[in-house]
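What follows is a pair of complexes built around chain A, which joins chain B in one and chain C in the other.
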Partner chain A sequence: MIALPKQETKLMVAVHGWSGIVLGLLLYAVVLTGTAAVFAEEIGIWSGGHVATQSAFERPIASHVQKLGADTPAEYREAVDLFETGDHDLGMFFHRHEMEAGMPISRGWFYLVGADGAVKERSFGTNEDVFGPRNDNAFSSFLVETHVRLHVPSPYGLILTGVLGLAMLVAAISGLLIHRHLFKDIFTLRRGAKPVLLNRDRHSVAGTWSLPFAFILAFTGSFFSFFGTIGVPIVAMAAFGGDVEALNESVFGNPGTPDARPTPTAGLDRITIDAIRRAGAVPTFAAIENFGRADAKVTTYHPPASGDIAPISLVYNGADGTFDAQKPLIGPRPSVGGTLAAIMSPLHFGNFAGIVSKAIWFGLGFAMCYVTYTGLRLWLVRREAGSRSLDWLDRSLVIVGLGLPLALLGSGVAFLLTMPLETATFWTPAGFMIASAAVIAAGALWRSAASFAQALTALTGVVMLALPILRLLMGGPGWVNALEAGQWVIPTVDLALIVAGGALVRRLRFLEKSDADITPVMQAAE
Partner chain B sequence: MTPTTRRWTRIAFAGPGAVIVAIVTMAGMALWLPGGAAGVDNLVLPLILVPLIWAALFFHACLDRNLTRVTAVALGLLVIHGGLIANKFMQTDPANQENHR
Partner chain C sequence: MSILALASLAASSAVIALLCLTDPKRRRALGLQAATNNSAHRGLVVCAAILPGLILAVAGDAAAFLLWLGGCAVIGWLITTANSAHRERR
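Moving on to the complex of A and B:
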């Protein structure tokens, strides 16, 4: 129990309300897409119809890297990134490091090698192009991009989401400070009470349970947003006279004696076998420094080991494939700062214990969406009680709160329809924009916000039920094919959509029967 | 100081003041924090801590009834870290000028 004096409590209530109301709708969009993005990998498998289960790193890759390295102009062989993309295809990005507008970028040749060893794609570009959306992952990439920067150009999008993270941090801390009966509130859900009290209880219970989670998400999220946009340039300015590359080398580099003698980077197959054995998991990413030189180093990155929270990285000598050391993600040896920085990512993405931690993060993210939405409604009802007309805000809340999930599903529909035509990178965001425009127009013209909310809920349920059917109609793999290939993600996502869609449609029928209206049942926040 | 002046002073320290002081503190911390076992703590910890520094300054400006203390903490951090950065640049400037000759 926190006992602030009355005046300070009143101020904290105002801070809590305004921190939500000023940026609440944008914050809701970031939290909702972040909740979906927890399962971005699974959504990518489901939407792209990927059934392969063998990692590209479990196949021989050394000869492909050697051959394509020889095809690449020497100036772009400074470093190589190796990663999986598509249906466990191997992406190779031979590049050099450059500075553009004061920020470090990578530029070079990208190759995509399929499971059969055929080169599916060759293209020249920067890291933005290589790691940007592709035809078969446009939907999951769209969700992640919306969460990370709301599609606002860099660096402003990241700064905006960073500010939203700080607003969430303020809402979480002030929410903690205004609870006079913290432990009582966790368990207070008066089921027999009037709807007004019940809705306040629900907001309070969901908010109280998710307070620590909100704090962690807000803290780690604002860290990620500000890290490259503001933090690194300013710290580099103070410590290295503005040399960002020098800072990156100090923090992420593998120190060693330079040896530029031409030597083939030939030990990759030995490295991947050994790395999988040591880490107990396939690499999520591998990076080669000084490709084709005697001092080549290969770093493989892996998810945290069982029972641990920090990801693993292993360093090898590139020329002969001998193991060098297990290295922290940041710095040449374990340190407080390196460990703290390394756990920021698993804490934010919830990917440290496989599907279990992801499911928990998804559930808590959903609770955060509920808290943000109901918090905004409570604030609104309080103002309406003061006879101030805020119908426009009420409608905006319904349009964003219930329209955004529908528009995101609309982008999924557009993706499934256009992926076979190889135009999904354009139509996925376009589908979102079209669905959003339709929701906004309908919301402005609908007779009341309450009935519009019911219509949106019903339509969301229907689209959820339709998505698995659409996926099959557009040539996606069936359950039998997927399960025979050992790919359980596709049927699971189908089932989740059917259950969620069915629940929404059923809920609407219940509301119609009981003639309940969601608008008047909210009570003012204190 | 009138109540209105006090309120606006508090708003200034909780709003733009907290942002400016947090950024300058982050930059200055890189110059006095120990590097730690890996020699990177002084570079990494300020980047991690800056959201918390900002939040601490924001809530301190909101909740501390003693406005003098709010001013002293914020300006103290600003002057100390700003001074460290200025000192670093004054030390490095002659070297840079040498290099450009």
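Moving on to the complex of A and C:
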């Protein structure tokens, strides 16, 4: 489509190939876990066996916040975060802002209040402890954490995933430049062709269809990775003398005249009722600044309104619960920058139109996985044609490409087995590590990469089919109970696993019968 | 909003399927007889595929437009692979 001179095309092909081959396997891991993480909330409901459907913000919460606020030492009442966790329980984090190793953190008391008003948990810690994995969400939290930072400590994990996002951007741009017949080839998949042509078609067809979203997902992903690790410190250094807390206060806070007179933050129930009415949806999060003071402000965060993609933030006076203003994400007044920053999240997570947008974003993520996998395979097949032995890379590709989904399912199995024992936060990542080690060892010893791919495909299908049964055996709610409670997510995820697992097993049987191409799992989606 | 987006997506998907079935290069690759439509006709069909998205964009419905765009990408890919697999198995 874009005619580059021959030399530049060769350079672009090299950039495209090497950017993929050097970082491709890691990129595949990030994209695959990101694809699963699109449904992190639903996976959390399914794996944790949560059947409640009434939001904690639809129940009276003001008296609980008042009472627990009174129990909390005054130095930790600077701010309060309110959010849902577990089976629509209400999490309250009374905290103060501190700096630790140059990074802003929150430290204070966390309370978990159940639907019956009973305090289920009291603990002291930082935001990392409060928002980190819990026994009942360890599996979904593990998926998200793998996607966000590959379990590499901060800030290096975020920087690594940011670099991977940039590599994806480079691959998308160079791919666009080297493909001379982008739209002419968009429907061409030559099934019976030689391996190079076969893999080229698969890579370019999936890549062309999903190209706009390769840019969007790579850019927004890099934005999130670099925002806190590089962007905020640089802006703080340039404009706030390195004071990150001052930057956060100016950019994200609610400006106003300080008034430290003790006044109860009493209007919370009024606020939640009004916020749900104005935004048309329950808050995903609420933050109280200056709790117990006359200048207390409450900000509620909501999903986008119908037809829009920017999330909604509403600001209220904490003392009397009166509505103050709709707040942009950045700064006190609406701006282009604020709007752009606000739409980064829905563009990346696809969470702007409920389950429909999530399903589409899941499909796009799957297409990205497929593009990455077939791109690596194409690079490999091209060199195999030149009779150079790259068996180790072929095996690595199968181990990561097909072993990673199996290892993730293995962590799900470990979660379901250990959640009733309250040890899921340890065993979920441990289950992943054990499954990964087993896949790597088997992959190294198996007689050929191709037959190992078939074995992994079969095993992945079998584990998918087994997961709903295991969930029920470990005491998870049945379909009747879930549907009676209005919780359709649990049966839907069960069904999705059964259909996907069945398709993988059936696909394998088809391959055996036809004795055709033995390229593996990803073909199930074709 | 979702209903409008899904209706637009359904309309565009039908046109994408038509484009796929009549695509000259695909038909050549599968050893099928070339479709009778010419490039001007194909251009009109492409415009028909894009039209629902344009209407959503002009109406300012950002969410529906994104649903349509993302949905077309996924469904276009699925239609292409499904047609190829279908031809292979026959």
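Convention: the second predicted complex is superposed on the first by the 507 of 526 C-alpha atoms of A that agree within 3 Å, B and C clash if a C-alpha of one lies under 4 Å from a C-alpha of the other, contacts with A are read in each partner's own complex, and residues count from 1 in each chain.
Everything that follows uses one rule, which is that a contact is a pair of C-beta atoms (placed from the backbone, for glycine too) under 8 Å apart; a residue touches a chain by one contact, two chains touch by 3 or more.
Remember, it's a predicted structure, so these values are computed and weren't measured experimentally.
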- [ ] Scan A:Val170 for contacts with chain B and chain C and give back first, second, both or neither.
- [x] first
- [ ] Check whether A:Arg506 is in contact with chain B, with chain C, with both or with neither, and answer first, second, both or neither.
- [x] neither
TODO: Quick one: classify A:Ile230 as touching chain B (first), chain C (second), both or neither.
DONE: first
Task: Touched partner set for A:Thr188, first chain B, second chain C, both or neither - done: second
- [ ] State whether A:Leu340 touches chain B only (first), chain C only (second), both chains, or neither.
- [x] first
Task: chain B versus chain C as contact partner of A:Gly331, first or second or both or neither - done: first
Open item on the list: After the superposition on A, what does A:Arg122 contact: first (chain B), second (chain C), both or neither?
Closed with: neither
Task: Common interface positions of chain A, toward chain B and toward chain C - done: none
Task: Residue ranges of chain A in contact with chain C within the complex - done: 184-192, 205-206, 209-210, 212-213, 304, 306-309, 347, 350, 352-354, 356-357, 360-361, 363-364, 367, 525-526
Task: Interface residues, chain B side, partner chain A - complex - done: 23, 26-28, 30-31, 36-48, 50-52, 54-55, 58-59, 62-63, 85, 88, 92, 96
- [ ] Spell out the part of chain A that touches chain B in their complex, as residue ranges.
- [x] 4, 8, 11-12, 15, 165-166, 169-170, 173-174, 218-219, 222-223, 226-227, 230-232, 234-235, 237-239, 241, 247, 250-251, 328, 330-338, 340-341, 344
Task: chain A-facing residues of chain C, complex - done: 1-2, 5-6, 19-20, 23, 25-26, 29, 61-64, 66-67, 69-71, 73-74, 76-77, 80-85, 87-88
